[in-house]
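Each remark here refers to the structure printed beneath this line.
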Amino acid sequence: MIDIVILFFILGLSAGLLRSELRLPAALYETLSLVLLLAIGLKGGEGLAKQALAPLLPQLGIVVMLGIAQTFIAFFLLRVIGKLNRADAAATAAHYGSVSVATFAVATSWLFSRNIAFEPQLTIFLTVMEVPAIIVGIILARGLSKQTDWRALAHESFLGKGVTLLIGGMAIGWAAGPEGLMPIKGLFYDLFKGALALFLLEMGLIVARQAGELRRRGLFIIAFGLAMPLLSALLGAACGVAMGLSIGGITLLTTLAASASYIAVPATMRLAIPEANPALSLAAVLGVTFPFNILVGIPLYYWLAVKLSGLN
Amino acid sequence: MIDIVILFFILGLSAGLLRSELRLPAALYETLSLVLLLAIGLKGGEGLAKQALAPLLPQLGIVVMLGIAQTFIAFFLLRVIGKLNRADAAATAAHYGSVSVATFAVATSWLFSRNIAFEPQLTIFLTVMEVPAIIVGIILARGLSKQTDWRALAHESFLGKGVTLLIGGMAIGWAAGPEGLMPIKGLFYDLFKGALALFLLEMGLIVARQAGELRRRGLFIIAFGLAMPLLSALLGAACGVAMGLSIGGITLLTTLAASASYIAVPATMRLAIPEANPALSLAAVLGVTFPFNILVGIPLYYWLAVKLSGLN
Amino acid sequence: MIDIVILFFILGLSAGLLRSELRLPAALYETLSLVLLLAIGLKGGEGLAKQALAPLLPQLGIVVMLGIAQTFIAFFLLRVIGKLNRADAAATAAHYGSVSVATFAVATSWLFSRNIAFEPQLTIFLTVMEVPAIIVGIILARGLSKQTDWRALAHESFLGKGVTLLIGGMAIGWAAGPEGLMPIKGLFYDLFKGALALFLLEMGLIVARQAGELRRRGLFIIAFGLAMPLLSALLGAACGVAMGLSIGGITLLTTLAASASYIAVPATMRLAIPEANPALSLAAVLGVTFPFNILVGIPLYYWLAVKLSGLN
Amino acid sequence: MTLTTEKRTLLTIITESAIEELLLKDLDKLGVHGYTISDARGRGGRGVRDATWGEVSNIRLEVICSRSLAETVLSHIQSHYYDNYAMVAFLHDVEILRPEKF
Amino acid sequence: MTLTTEKRTLLTIITESAIEELLLKDLDKLGVHGYTISDARGRGGRGVRDATWGEVSNIRLEVICSRSLAETVLSHIQSHYYDNYAMVAFLHDVEILRPEKF
Amino acid sequence: MTLTTEKRTLLTIITESAIEELLLKDLDKLGVHGYTISDARGRGGRGVRDATWGEVSNIRLEVICSRSLAETVLSHIQSHYYDNYAMVAFLHDVEILRPEKF
């Protein structure tokens, strides 16, 4: 059965494409994303409290490399095959080297409802993978230019809303443990799927708005938006197997790799590579890759994880 | 005992009449109405999944006729007895031929807390009854004028926020079924009454704002605001009995008939009959009929349903 | 163990001090404060339904005197030791003579999680103590001037958002009783701590914004912000013992006394004593007293309550 | 330093949110392709519109364009909207760079 | 086509949200019966007012009226509010239709 | 009664919310210490920006200052932002009290 939260995405998408007057208040969208980020952080931190953290360090090194590799591959494809100018290629590549929290949330929800466990460090991976692609993207656009205000950029990256809430949530979850979290489970755990459903309703509306841009851009951007997550998924799955993750863990890391950022990266790129066209990147990420990942990708990545971990 | 959600309405009304500084943020009001509409749709769809839909078609025909009849009656009363000009009479009549989701929600909540069942198709009736009165109202104001942009109007009516969410919710509820809905019940079912309570708090504040307009308009508008729902209730109850609905179902259809729209219809009328005075219609609908229905009407309509179904 | 809601405050505070881009939508902050005020009112009203109200009257007299006494003491300290001008001293004193709902909420949450009971009338005390300090503050600034628009002021005080919601919530809780409240417990009780956690996250961000003002103001304001709640706490605890409250009740009354208003009073003072500098009062209340109370004060006041009630 | 600016007209329309889409369609037909909107509330001949809910909220729409286009729009809304909608509009000159844009 | 417009004065006041009601009462007494308000944030002599919460948020109030009424209002707020509140105000001419309305 | 007002220039900039902080830093360096911002949406050469989510929302920034400072800011943003960002700016004269403030 198709997950209930996906049905809300489809409702939003249909309403948007039919030009319904449905809108969600901006404050609701922000509230939902705040609650989802905190909930993901809390859940991750709760899990991490039960294990030693030092052994995770090499794994973090691997996922950072994974993000960097994806950014380079995406840049190569966009520049050489897509013939995009350097700025557009670099900015778009950064989106694909980074990750999407919403896609991650849908994947965890998919796994939960099938009772498939995964390692708590996946939440750390999610957090860690947000940033490296941004730096690589800027270097690809500018070289190691002195013009780039790296301080401002570091601030932007590490103290952005998403990273703050994920790290903050993890810290709280880790400090409080399952006992301590009990009193707030009513909000952050029991309502998680409902909040995700509403969030995906809005995502559907936002995705529908990309239709015009996609039509204008033609086939390449659609092809790239489909091929890139598949390529990344293979890399991600391989990393997952190499780290010895569980099937759930491999599925999630594969999903993370396949996902592309549409919040943190666009905001940073707008400032760091002003001449890149944000509509182009968002058309690929939101118009193609995001819906592909949540509608088709996640089950596929699970299947891949099962196959690959069987090989071991 | 008076329902708890009604106490919130009374609080809002009192605060408003005493000119308290209490305000709800607009985004909260929109969020609550979104959640309520979806929840009503989901619940309805869940019920519909269990039954054949074809036999409902004739019932839909009846409720459409019911809405049309109400609009004509209201127009007649407003024009002949109330001496309103044609535009005002037609626009106000359209409000009364259509339905109020908030009133419906209060009635379902009233029935739930008394363990009185009702047919799931009532949610479809709610959705279907939103629109016909709008069309009749416009024809009453303009005749079958070529000037009316029927395309825009159809769009406005069928893809308005309310109808989109009700139909979308029903489709999701129908597709997912009770099992599939489980993960989001925390938001849409368990919080339903709490959300309704807050919504009615705001409704109380909005109703209080009609006091000035009512004072200016004098007695006729108050008399009409009381008489019209009673007349409509009789028609609605008769239809319910004719369809062979349960007591709960008759109560709800009676409530639907007695209720008057204050969201979808005003917005559409503002565009379709610009020369009609929106303050007049809203004073009647919000200042008189809505509070009458939720404070006095619903128990009365239940009593009527019991009496009439006893006759059968 | 430190309470989970406090961890959210620390997260907000850290994010704010590190200049993270984390912001909460204003509508969320307003919604949370609305829900918390109503929930506190409902819970208090539910408790009051079980007891006679007349015996409470003398207790109300005592807490009114308590608020007045605090305002005078604060004014004296600020004027004589702090050498503030009359307007600033009076306005700031009014903040300290009044109470903070957020601090009260944290204290009830602290008591609940330790299964320590308290009397339901504490919610009435909270409501009653909001106002007298405002009047005393204005008299201290102006004398019994004819210029003050007492009517407008009474309106402002008694029909402000906070008092309306507290009184309204109590009335509803009292009328509905435990049975009647059942259907809305999902929202107002089960989500209380989650809502409080998010609210304190925002409070942390707001407190962090006071850092600059505090640095500018120097030591006196910090010293006053710490000393005043301790002084008030002693008075409050004494009153609690005198009234024969339980340990939980004494703790809460002590907390109320120690707390300082940062919503109702600043808004009223801005209008009633325009020449007072609001930044000064808020730096003390938000930058020092509020964090002190929730981080250190509450356990301390509990300890005090235990000691003092042992003496009896 | 002196910048060479050009004169254009800024037309500001304050009206009911309910007709935002309708008005934008009209503007488009009249040749207005750039505009800015903020949410607003207010009071006027049609009473207090304090944005407490959608029915009684306003928008504030600004268009920078040539004097003649501004007059066309103004007389269009005068004949189509002034009678039936809460609406106020006014013009004044502004200086801009990039004259080809407006 | 030339439209015959008339001149009026647009008075814009930017100030603390906290005094919205107070200010509106004053305006009413001075004879101002139409106005438009938007929410705003900003920075000035009294520091940053970034609307992160109610205490530090601004409003932007506009009144179209006769020059003399605008001056009356301006000197009223200068003497009553400038000293104690975050407030900025300015005037300029605008062209309107319906001179009887303003 | 006649009020003695002085002339200043009001510079209005409409642009993407994404660059609010960047722009404010630039203004500060150029000597602008007072400004007002409202949220906005709109349409222009870079398409529809309807504020349905953060990426496509605008701000409307106003600065009252001397003519020369306004021109400095205008030519700064023209050279730094016009090419890459959705942005429109315009000037006009306004009358103020307290000339020492602006």
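We call the chains A, B, C, D, E and F, going by the order they appear; numbering starts again at 1 in every chain.
Following the convention adopted for this analysis, a residue touches a chain if its C-beta (ideal position, glycine included) is under 8 Å from a C-beta of that chain, and two chains touch if they have at least 3 such contacts.
This structure is a prediction, so every number in the text was calculated from the model and none was measured.
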item: Chain F reached from chain C - shortest hop count over touching chains; value: 2
item: Same-site or different-site touching of chain A by its copy chain B, using the half cut; value: different
item: Chain whose Cα centroid lies at the greatest distance from that of chain F; value: B
item: Maximum centroid distance from chain C, chain identifier (CA atoms); value: D
item: Intercentroid distance (Cα basis), chain D paired with chain C, Å; value: 46
item: Distance from the mean Cα position of chain D to that of chain A, given in whole angstrom; value: 40
item: Length of the line joining the C-alpha centres of chain A and chain F, rounded to whole Å; value: 35
item: Set of chain F residues in contact with two or more other chains; value: 38-39, 92
item: For chain C, residues contacting two or more additional chains; value: 23, 25-27, 190-191
item: Chain pairs in mutual contact under the definition given at the outset; value: A-B, A-C, A-F, B-C, B-D, C-E, D-E, D-F, E-F
item: Contacting residues of chain E [partner chain F, same complex]; value: 12, 14, 38-45, 58, 60, 68, 71-72, 74-75, 78, 82, 88-92
item: Touch list for chain B against partner chain A, complex; value: 25-27, 30-31, 34-35, 155-156, 159-161, 164-165, 168, 171-172, 175-176, 179-181, 183-184, 186-188, 190-191
item: Contacting residues of chain A [partner chain B, same complex]; value: 1-2, 4-5, 7-8, 11, 14-15, 18-28, 109, 113, 190-191, 193-195, 197-198
item: Touch list for chain D against partner chain B, complex; value: 16, 18-19, 22, 47, 51-55, 57, 81, 83-85
item: Complex contacts: residues of chain B adjacent to chain D; value: 23, 26, 29, 202, 205-206, 209, 266-267, 270-271, 274-275, 278-279, 282
